[in-house]
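Before any comments, here is the structure.
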Amino acid sequence: MYDAMTQPLASLRNIHKAYGSLTVLSGINLDMSPGERVVVIGPSGGGKSTLLRIMMGLEEITEGSIEFEGQPYITARNGKTRIDADVRKKVGMVFQHYTLFPHLSILNNLMLAAVKTRGMPRAEARDKAMQLLARLGLEAKAGAYPSHLSGGQKQRVAIARALMLDPRLMLFDEVTSALDPELVAEVEQVMLELAEQRLPMMIVTHDMWFARNIASRVIFCAGGVVVEDGPPEQVLGDPVNPRTREFIQRVFHIHG
Amino acid sequence: MKIDFSFLSKYHEALLMGLGTTLQLTVICFGLALVLGFVLALLRGSRIKPVAWAAMLYVEFFRGTPVLVQLFWIFYCLPIFLGTELSNFTSAVVCLSLYGGATMSESFRSGLKSIGREQYDAAHALGLTPWVRTVHVLLPQAVLRAVPVLLSNGVGLFKESALISAVGMAELMFIGSTISNRTARPVEVFTAIALIYFIVAFPLTRLVAVLERRILRRLAI
Amino acid sequence: MEYDVQFHYVKQAWPYLMEGLWVTLQLTFAANVIALTLGFGIALLVMSRLWFVRAPFALLIEFFRCTPVLVQVIWFFYCVPILFGVYLDPMPMGILALGLNLACFNAEAYRAAIQAVPREQMDAGVALGFSPLQRVAYIIFPHALRAALPVLITNGITLFQQSALVALVAIGDLMYMGKQVATQSYRPIETFTAVALIYFAVSFPVARLAALVERRLDVARA
């Protein structure tokens, strides 16, 4: 039985990932406790997105293991990655490019997985979907198709679609990177609201201001390892590691 | 020689009958080719290699040989193999459907291929089972994307069906040739025949273009 | 089945079939030469800013695309001599009919490719001070040819197969020879199978080549 008081929500042990001869992650260790909002920052190609995709079970790993709520989730053995499908159901993900199903209405986008793979009765799924859409101010769009929505609306629908399945951990992979600047805020607002409800999240973002606002913990990833790990004020404000400091200075210099 | 189309009015019933046969043939073969093409597209993606190869060979062979050769083969050789006579209509249906199936399978396949990797990622992240993923996410998108090309293939079948005249079936082209022989007025007759084909095919191609724009707009993400 | 399949008949008829194949290849080659050049011209004309230039060529393209090739070939054979008083041998007539048909299909391929040239490329051309002619020569044409190449090759192979229907107007191509041999030898199965295999043996490798070219171009563009 999982005990949220004493056990980590997710615990990553020695995660290695390589595409052929190209090493992306070389030994990531991380314990994430429930209620934590971890923002992963770092240079492009530093393995941030790969880390999230691994957590979602979208990528195989070359070495290491992940436990989720005290249960074995992902393990690599003899070059094969085993993913526990039941544990995976507790994790939800939102991607950079809105991955809504273009042939389904917004309502059906939300209902599909709940009805078809979780066995939720249609009426119940519909109610739940409408509630979620109402919470995000999108109930008027229930019958619309993704192509009719703005980028910000699509991304909010994508968040609602993931929330339909009651995830215990949400992964956000650069969800505002593809958005026009004026649409970023509406998506970040939704995420901040989820943060207030203490939904555990792991977020990859390039937006340092947003990172500071939402994170309870910031991890700086570079060269496939965790270089620095700590509260946002420290990692973003007064980093210890010289590599982190250089990165932070450069980013804030460009944005400021 | 004076060009005068008025004598054709005498033959309008024969021409309409020919067009009727052509359309009937096209519609039947279109339906059969759709089914065959879909099955072939699935077989080509099969994990059992010999099955995939057999389907590929079939498609490549029918796409790599003239329809006229296929037609002659089926008219002259198939009855020998089967040991029974086949009616002209049956042979024509068999020929155009087998050929059409090969082209349709390619259209279905490119529809499947056009689905981006993100769709697979999203399906995985939502924990969709392979069945749900295939039936509710991939297939509808593949079919939607393929619809314009499939309809174009249908118009293609309509045009290819003119070849059937070569084996003496009384469709539009054959009736045209007969009238031309009888009246010795090929210019008027064949111009009229060409116009009839055009009048049917052209609006269809326009319709396909409109449909394509709409579908692409809908599926734009 | 009492039919006794014997392929040695095909062996006897082989020289005739090869003679036919040679005619087919000549037809295909000549029609392709016409279509590759004429097609580009038609594509430019159909994209003209003047409607009275654009319209007739748009109609021409639609007409060739929306009627059966057989009807076009027959029309050329029977009507061109009467209407225009031009009496050509069957072979040049066949080349002309098929070449024009293919030119219209190629024009569409060229047009789509020209329209797909990214706007930024044109803007860059303007910004770099190229003249309109230079922009066509250095930017549009190379882009368009590369993009259109797979379709042009595919169209070329399709024409190779379509050319079989000139047999119906008594040009001695592969299909025609096959029909003759089949009738005279009473051996339709062997003959038509052999004819089909010959067509396939020529078009399959070229189709693979087109697929390879397309993949290469995709990689180059990515």
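Note that the chains take the letters A, B and C in the order they are written out, and that residue 1 is the start of every chain.
Just so we're on the same page, a residue touches a chain if its C-beta (ideal position, glycine included) is under 8 Å from a C-beta of that chain, and two chains touch if they have at least 3 such contacts.
A quick note: this is a predicted structure, and the numbers were derived from the prediction, not measured.
Taking the definition of touch as given, a chain qualifies here only if it contacts chain A and chain C alike; those chains are B. Nearest to the global CA centroid, when each chain is reduced to the mean of its CA atoms, is chain B. Distances between chain centres, each the mean of the C-alpha atoms, put A farthest from chain B.
With centres defined as mean CA coordinates, chain C is found 53 Å away from chain A.
Spacing of chain B relative to chain C, judged by their CA centroids, is 19 angstrom. Annotation: 47 Å between the Cα-based centres of chain A and chain B.
Partner chain B is touched in their complex by these residues of chain C: 1, 3, 62-63, 65-72, 74-75, 78-79, 82-83, 157, 161-165, 167-168, 175, 178-179, 182, 188-189, 192-193, 195-196, 199-200, 203-204, 207. Chain contact summary for the complex, chain A toward chain B: residues 53, 56-58, 85, 88-89, 92-93, 95, 97-103, 112-113, 116-118, 145-147, 154, 161-162, 165. Those residues of chain B whose C-beta lies close enough to touch chain C in the complex are 1, 60-61, 63-70, 72-73, 76-77, 80-81, 83, 155, 159-163, 165-166, 173, 176-177, 180, 186-187, 190-191, 193-194, 197-198, 201-202, 205. Across the complex, chain A is touched by residues 118-119, 121-122, 124-129, 132, 136-137, 140-141, 144, 217-221 of chain B.
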